[in-house]
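Per-chain residue numbering starts at 1, and chain names A, B, C and D are given in the order in which the chains are listed.
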Amino acid sequence: MAQQKDHNRSTARDRRTTPRTTPSDRWHTALTQIEPNKILIRGYPVDEIMGRLNFGEAIYLLLVGEVPTPTVGKMMGAVLSSSLDHGVTPPSTLAARNIATTGAPLHASVAGGVLAFGVHHGGDIESCMRFLDSGLALVRSGRSLDQAAAEIVKRGLDQGGTPPGFGHRFHTRDPRAARLFQMALELELEGDHIRMIRAVDRVLEARANSGEHPLPINVDGAIAAVCGDLGFAYELGNAMFIISRVPGLIAHAHEEQHRHDPMRQIDPKDHEYDGPRERRLPETRR
Amino acid sequence: MAQQKDHNRSTARDRRTTPRTTPSDRWHTALTQIEPNKILIRGYPVDEIMGRLNFGEAIYLLLVGEVPTPTVGKMMGAVLSSSLDHGVTPPSTLAARNIATTGAPLHASVAGGVLAFGVHHGGDIESCMRFLDSGLALVRSGRSLDQAAAEIVKRGLDQGGTPPGFGHRFHTRDPRAARLFQMALELELEGDHIRMIRAVDRVLEARANSGEHPLPINVDGAIAAVCGDLGFAYELGNAMFIISRVPGLIAHAHEEQHRHDPMRQIDPKDHEYDGPRERRLPETRR
Amino acid sequence: MAQQKDHNRSTARDRRTTPRTTPSDRWHTALTQIEPNKILIRGYPVDEIMGRLNFGEAIYLLLVGEVPTPTVGKMMGAVLSSSLDHGVTPPSTLAARNIATTGAPLHASVAGGVLAFGVHHGGDIESCMRFLDSGLALVRSGRSLDQAAAEIVKRGLDQGGTPPGFGHRFHTRDPRAARLFQMALELELEGDHIRMIRAVDRVLEARANSGEHPLPINVDGAIAAVCGDLGFAYELGNAMFIISRVPGLIAHAHEEQHRHDPMRQIDPKDHEYDGPRERRLPETRR
Amino acid sequence: MAQQKDHNRSTARDRRTTPRTTPSDRWHTALTQIEPNKILIRGYPVDEIMGRLNFGEAIYLLLVGEVPTPTVGKMMGAVLSSSLDHGVTPPSTLAARNIATTGAPLHASVAGGVLAFGVHHGGDIESCMRFLDSGLALVRSGRSLDQAAAEIVKRGLDQGGTPPGFGHRFHTRDPRAARLFQMALELELEGDHIRMIRAVDRVLEARANSGEHPLPINVDGAIAAVCGDLGFAYELGNAMFIISRVPGLIAHAHEEQHRHDPMRQIDPKDHEYDGPRERRLPETRR
């Protein structure tokens, strides 16, 4: 049932009888203020932001409303870089390439790729944030961390599903998840949500040791725990994945149109990587 | 006429008679290599990138193929931050909000907003890059910078249009363009394209002084000049705008669903900003 | 929790160890068979369908798998025509127009408009089909039609929502709903779902008589009841709305680009209809 | 260069100084008039249209503005049924299936599929309408039909492309094109555009007889010729394909989610048709 609909309906009706120019009739936005020759994002002139905050920090400012501390800014950058690309096989990438092969403009491929962020693909961050918070609620009502973890895992398995943020098609130890946890430790940004996901991980590892299918933490789970500790709204968890992957969709759509014939049939299994071999960042960047 | 179609058609036909497992039949990608527990973006492990390159630098690596120098990385960050948001009136923002008001998921609003990056909205970067290169071609064939600028402006006006990258609905002096040029100067990244757009600007200013409609450089023009000097492919010029604005679309879709009734009629003229007043970045960030 | 994910994961893994050319490895489709110079939709040559089934009947064949009887074909046509357009104020239409005003191609506007078919807009058909079936399940377990109707309405209101398929922003008596019920009667296609929605309508009318907000059957409710009686899958209920409204989105995107300046700010309240006045179909069509 | 931009910019500016309520300030639409309990499409009550015009005729009314004659209505239905579906290999279908496999809602798959109607896929109808009109312009300036056809083919080939509306990946004699021409003949709806495409066909056939790659008329070409003769605007030519194929996208997205595992890798070459065998319409429908 559409809960808010009725409410909306009546306000819509009331509005029509009110004169339109009343200030109270105006709708509000708190994001960006535009004046001639001035653009203020959350109060800060955009030209002051440019070159002083890096892109990840500027995104944090826009979404959360305040300038991040340098450590939070660094964590935000790592979260956003983590899902930049995952090769040609994700359905979002294939959707973008199938659109690109028709000669469509770049932004149409991006939009189509973004549409493939369905419940099974990139949608786990929000679910995992809620899942971890359900565990933290149990802790606040007296359970130990491990009890709470065991309880929410059991609850989930009883309903027949995998806990959100665990398991991966390709990886048994997701290098992105490991790196996010390492950085949270080093930057002293570990909080309740990371502790909770670690407790859940222990429960699932114990189950795997007694013969169950192993379900390691994946990148979505790690992002969810980090975003939970940074205080993000649930919906903005999924936003991290969208922002992170858009450059990947662009790179694939662009490569599709520049390296391949139009209107080709794209078989995700028949591809071969021919880019640079594994290499290390320059000394100065490590 | 669809030039490549016929070619495609015949390769498609040949392919069907070839056995599928031939290595030469495989299609190639040079972006990201996926192995179990390993993700290499342009050869670099993503977990090594995380925390060592900032998000703007990581995007540059993915799109261009190499780690940027620190100054190029800084410029890239400024370009990406420049178009983060422009309030509620751009059609892309209104498309995203109109989708959000129906209760659609976040990524559907983002996709719809991205679709509104049509030729009149965000599409000028690529056009302006081509426009500047047409001027630089004249320079290479012997014309002076100012002659070339005058010639491409005249050519454009004869065809009845505004030079791409000039003029703005709201701003007479676009603060983002000014900041990008200032940074290019300070970071010693000025090149031919910036010199050419400045020459075009002088031509248009002279015309404005003799009574024509003023057409100042806008943010698209500045991004085009910077991207030209950084050696980006034309199509990736527009990509800068897409990547930059996606967080803005997300912020608006999220605000729409959290501050407003569903199914409301969104009037772009009837809004009021109620966020923080103008403020300055903390000392440490300046 | 993502129920099917784990299953998928293991089959994906198994598949990789199986040789690719095994016939059992092939995936199946039962919609359309393509051979050189032959296109068979559900077994029928498309060139035999053309001119022999009308467009609504051909859509029914594709979605349901069999040629409809003439009365079912007529009902299908009425369902598909019912939501063809609803003026400029629906959010989907505004999304399409905001995309069109940027100079985007027609199909981008259509795609953006379709994205605005969120839970509060066109998504009620599927919900209402499920709602009516929950009532019919009660009938099968012994309740009378009126008892069942009262029970599902109460259950819905207890959860704080409006029953799906009831109430409308503009109409107190939706002419499209009335016409669909009249046609179902005349074509002798009334079934359990129409009887159930009528029973729910009686319950809500009684509530309105005792002072509650009136909630008449809307077009989504009527389509849901008709599609339920025709035996459609739930998800195809929403499909009826998508198919029906796409021509409306096209008409608005086309009008936007041909009658209005590009990049205008589209205010849904400030419009005026200037098309033909109310008129009647020619005698021969009545 | 963006021709209309400047004009738009100044009107936008003027508008802001004008009081908002002036009637002249209102923008106009001529499609659909909405009043409480009344929906008039092009002046006709939608509930009068339902059941009296079939869906194809109702679409014609909405797009063109008048009720079609029965023969035009029949032709319109055949055009709309012609491109209903083309199996699993078109990129639009693969984009829709790749979105569906992620668990996305039906309308997201449809939107993604529509985005794949790029210049090489469904975009030929508009190009072919313009191509035929360029030939008809030559006829009006004195050339014979065959001279004009030879001239526009030569002009096209000189620019290195295939004439739009000719050639197909799979079919050497497109059964849909043949059927549309047969119906146009029988319904006495043949006009200049059909005569022109036939003349072009003769030119290309002669070339094929002397050893060139054969380029038979495809369904896009036939639709273009028919729509040209029916007097459609160029942009609405492509609309025919969008409207026709949306049900196909729906059928594939629905089948994907009901017959296959989520998050599978969709290989367009590895599929097998397992629907009904070839069959004929019932006697009464022939």
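The rule we apply is simple: a residue touches a chain if its C-beta (ideal position, glycine included) is under 8 Å from a C-beta of that chain, and two chains touch if they have at least 3 such contacts.
The structure displayed is predicted, hence computed values, not measured ones.
Set against the C-alpha centre of chain D, every other chain centre is closer than that of A. Residues touching across the chain C and chain D pair largely coincide in numbering: over half of the numbers involved belong to both copies. Between the two copies, chain B and chain C, the C-alpha superposition involves a rotation of 180 degrees in steps of 5.
Once the centre of each chain is set as its mean CA position, chain B and chain C turn out to be 38 Å apart. Our note on geometry: chain A versus chain B, Cα centroid distance of 22 Å, whole angstroms.
Mean C-alpha position of chain A lies 32 Å from that of chain C.
Touching two or more other chains at once are residues 2, 4-5, 8-9, 12, 20, 89, 103, 108, 111-112, 115, 117, 119-120, 169, 262-263, 265-267, 269-270 of chain C.
Taken together, the chain C residues at the contact with chain D in this complex read 2, 4-5, 7-9, 11-12, 20, 23, 25-34, 36-56, 58-59, 62-63, 65, 67, 74, 76-78, 80-82, 84-89, 103, 106-108, 110-112, 114-115, 117, 122, 170-176, 178-180, 183, 233, 235-236, 238-239, 242-243, 246-248, 250-252, 254-255, 257-267, 270-282, 285-286. Interface residues of chain C, counted against chain B in their complex, comprise 20-21, 89, 91-92, 94-95, 98-99, 101-105, 108-109, 111-112, 115-121, 123, 169, 262-263, 265-270.
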